[in-house]
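The first chain written gets the first letter, and so on, giving A, B and C; residue counts start at 1 in each chain.
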Amino acid sequence: MDWVNAVVQGVLVGGLYALFAAGLSLIFGVMRLVNIAHGDLIVLAAFVSLVMVEATGLHPLASLLLVVPLMALAGYALQRGILNHTLGKDILPPLLVTFGLSVILQNGLLEIFTADSRKLNAGALETASLSAGAGIDIGVLPLLMFATAVGVIAGLQFIFYRTAWGRAFRATSDDKEVAQLMGLNIGHVYGLAMALCLAVVGIAGVFLAIRSNFDPSLGPGRLIFGFEAVIIGGLGNLWGTLAGGVILGVAQGLGAQINPGWQVLAGHLAFLLVLAIRPKGLFPRIEG
Amino acid sequence: MSDLLLEVTALEAFYGDFQALHGVSFSLRKGEMLSLIGANGAGKSTLLKALCGLVKAAPASIRWMGRNIGGLPPHDIVRLGIGLVPEGRRLFPSLSVEENLVLGGAVNRLGPWGLKSIYDLFPILAEKRHAPSTSLSGGQQQMVAIGRTLMSNPDLILLDELSLGLAPIVIRDIYETLPRITGNGMSAILVEQDVTRALSVARQFICLQEGRVSLAGEPHGFSRDQITAAYFGT
Amino acid sequence: MSEFSISRATTISRAASLLALLLIVGLAAAPWWATRADLHLIGEFATYVALASLWNLLAGYTGLVSVGQQAYVGLGGYVLFTTALFLHINPLLAIPLAGVVAAIVALPMAKLVFRLQGAYFAIGTWVVAEVFRLIFAQVTALGGGSGSSLPVEAVRSIAASRDMREWLIYWTALVLGVGSVALVYGLLRSRIGLALTAIRDSEIASASLGVRIGQVKFAVYVLVAAVTAMVGSLIFLQKLRISPDAAFSVNDWTAFVIFIVVIGGIGTIEGPIVGTIVYFLLREFLADLGSIYLMILGGVAIVIMLVAPQGIWGFVARRFGISLFPTGYHVTWK
């Protein structure tokens, strides 16, 4: 029974990992950029939520109303202010600049908030659970996280394939030069993409803050989980990323069942296994 | 004020250290069609790219409707009314035929061209409107590329190597639609490898040779030999 | 017909070679004129020059941007501690052994991470390092998560006297530092270096000329892993203590190294040396600021990447046209 429970919990936490990963996938799809500071931005969002909750006393989920637009704005500014100037044929500049950003974010948060572990209290939501029969309990919060992940991915798919915004993203990703000939300001399009990415990061950050203890050093770990979900699922496929997150979550859950110290390692090993036998991921759509 | 739509004066263009255009000058009136001929590497595509902003140019070297536009970014130049149909079509593979066309119209310029009129011009595209754009035949893709640029209702349309990679009968069909495209006062600059076709379609022509204008004027004013000499630079 | 000669060396590079030789001799003699603290500092300087030169070879010349080299630094450290705790041989011998072990481990790791490209490759190397860290944290024989200290007998077996031990460790650090730079220089002057430059300029063109890109990259990755591990075992010999977090620290073995190479000048041989000097200077004056110091480092790296991506040495070399370690040929007309 413990094993079944572990799988169920793994599936649900996979939703959170998919939330971590969705932004990464989106940005890579649109501008072939991998933001090393992605995980740290998730942690930043968690802290913004913390500040908001402590200031207003509102429920953590309500902080989404402020965190998401704030992060979106920050994303637009970050892209147009710094990241747009790194994009080009060389992979080094964006990688090294986002690496520097990661260091700055981590240490900045450390300075402001210290290394103390924090957590947001979602009240009754945290302990509420539904019974799925046969002794399996599904927490309402994990279920909500998973449902949010599905909703976010569905939303992103909708934006990408059914709106003018998404058309601009796809065209720019296909052919930057010709996209400009169609009147698209590439710098602005990229800014919008990053704004969208960080909006999702904002959602992920709030859920991270509610779900578990967090501190400034958590960034790289979240980046790696997101990255693993993307690679396992296959590049260029958001639903694949959800599947990747689920597989990662289940692998971690099973690993933890064997030995609690093996949780994260089991996830890494699952990732390496997929890399070894299916390098393009399980449901790939574009070339890396 | 003359009815000179476009005035290019001593245009220079560089790719890094390599100079592709040396002091090219010409002008275009409203409603006029100009053919641009020259050997491979003569600078024809570079000239078109400079006009639409993909290649940097000195501000005063390109005057459009009386204002300096050299060096402006492409997304601004499209808004001013210059549209390029790129060499090799370059449709967006992730977009359907209709999405390619709609994107072309995103600049929202007023004019006779819209989805309906494009589908009237190229009925086959209406049938395939939801197909992935790159699943179409070469000739059909060329139609989409032309339609996509028309959607921005340009005052000047730049056509770069329409016939590239297409069968002769397809080329003929496309050229037969040209008068309907430029009929209502749209100016055009046409780059074409096939010299005979290029010279038969336009009233004015320029021949480029190694980045310089080697010959210019009306096609019937020159002999075959003169044009060949200008083309190859003997 | 005018006369001409073709050569690699220039007046400046010859002068630099002479100076370098004098410097190395001087540093080798340091045990006789420097204090113990000085030796430690110079030794540390040498290890960072080594790590930076190696990372530069990987990222700046071969295009393999790894943020996971700490995997091999830590691996080298643990090879040292394993031999010290269980094999009872002179720890200095563990250094070349670490190189061999790392080379063997790097083979399958390379096969895995080479399936990824660009920035995804980078994160992949990070995952590998994390896997190493988590695995070693589970090995109780080596101290598990809290690590272990180097046994006194192992330390004593290096040499009879404490002075001699310090000197031997110091000279080893010097050898690794100078040796890494020499290795990179020698490699780049060889046919492999030519292949790397060709690959850097154009992968497609060089592939069509028969340059076996995949094999070259693979070989360089394994070589760098081996030498990095050797440096790693020396580092932990000096520290006398190891733990998974310290051995596989991203900050110490990757972030600082990247900072050094970027600021010094990526893709140049002199860059890592210049960068290490700058890093040690900054550390001297700013390290008290703690996290703010790290933020400054990060900020400087970002600014350099945006404003002067060729780094300090890259700027100087281009501006004045000098190269202390020439790899290309030039023609002199007579």
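To be clear about the criterion, a residue touches a chain if its C-beta (ideal position, glycine included) is under 8 Å from a C-beta of that chain, and two chains touch if they have at least 3 such contacts.
None of the values given here were measured: they were computed from a predicted structure.
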Item checked: Innermost chain, taking as reference the mean of every protein Cα atom displayed -> A
Checklist line | Interface ranked first by C-beta contact pairs | finding: A-C
Next item on the list: Taking each chain's centre as the mean of its C-alpha atoms, give the chain farthest from chain A.
Entry: B
Check: Roughly how far is chain B from chain C, going centre to centre by Cα mean, in whole Å?
Finding: 54
Checklist line | Rounded Å distance between chain A and chain C, as computed from the means of their C-alpha atoms | finding: 33
Notebook entry, point to check: Just curious, how far off is chain B from chain A if you go by their C-alpha centres, in Å?
Noted result: 44
Checklist line | Where chain C touches two or more other chains at once, by residue number | finding: none
Checklist line | chain B to chain A touching residues, read off their complex | finding: 52-54, 73-75, 78-79, 83-84, 86, 90, 92-95, 99, 102-104, 106-107, 148-149, 152
Note to self: Looking at the complex, which residues from chain C come into contact with chain A?
What the structure shows: 59, 63, 65, 67, 112-113, 115-120, 122-124, 126-128, 130-131, 134-135, 137-138, 250, 255, 258, 262, 266, 290-292, 294-295, 297-299, 301-302, 305-306, 309
Next item on the list: Mind listing the chain A positions that touch chain C in their complex?
Entry: 32-34, 36, 82, 85-86, 91-97, 99-104, 107-108, 110-111, 220, 223-224, 227-228, 231, 261-262, 264-265, 268-269, 271-272, 275-276, 279, 288
Check: Which chain A residues qualify as touching chain B in the complex?
Finding: 164, 167-168, 170-171, 173-175, 177-186
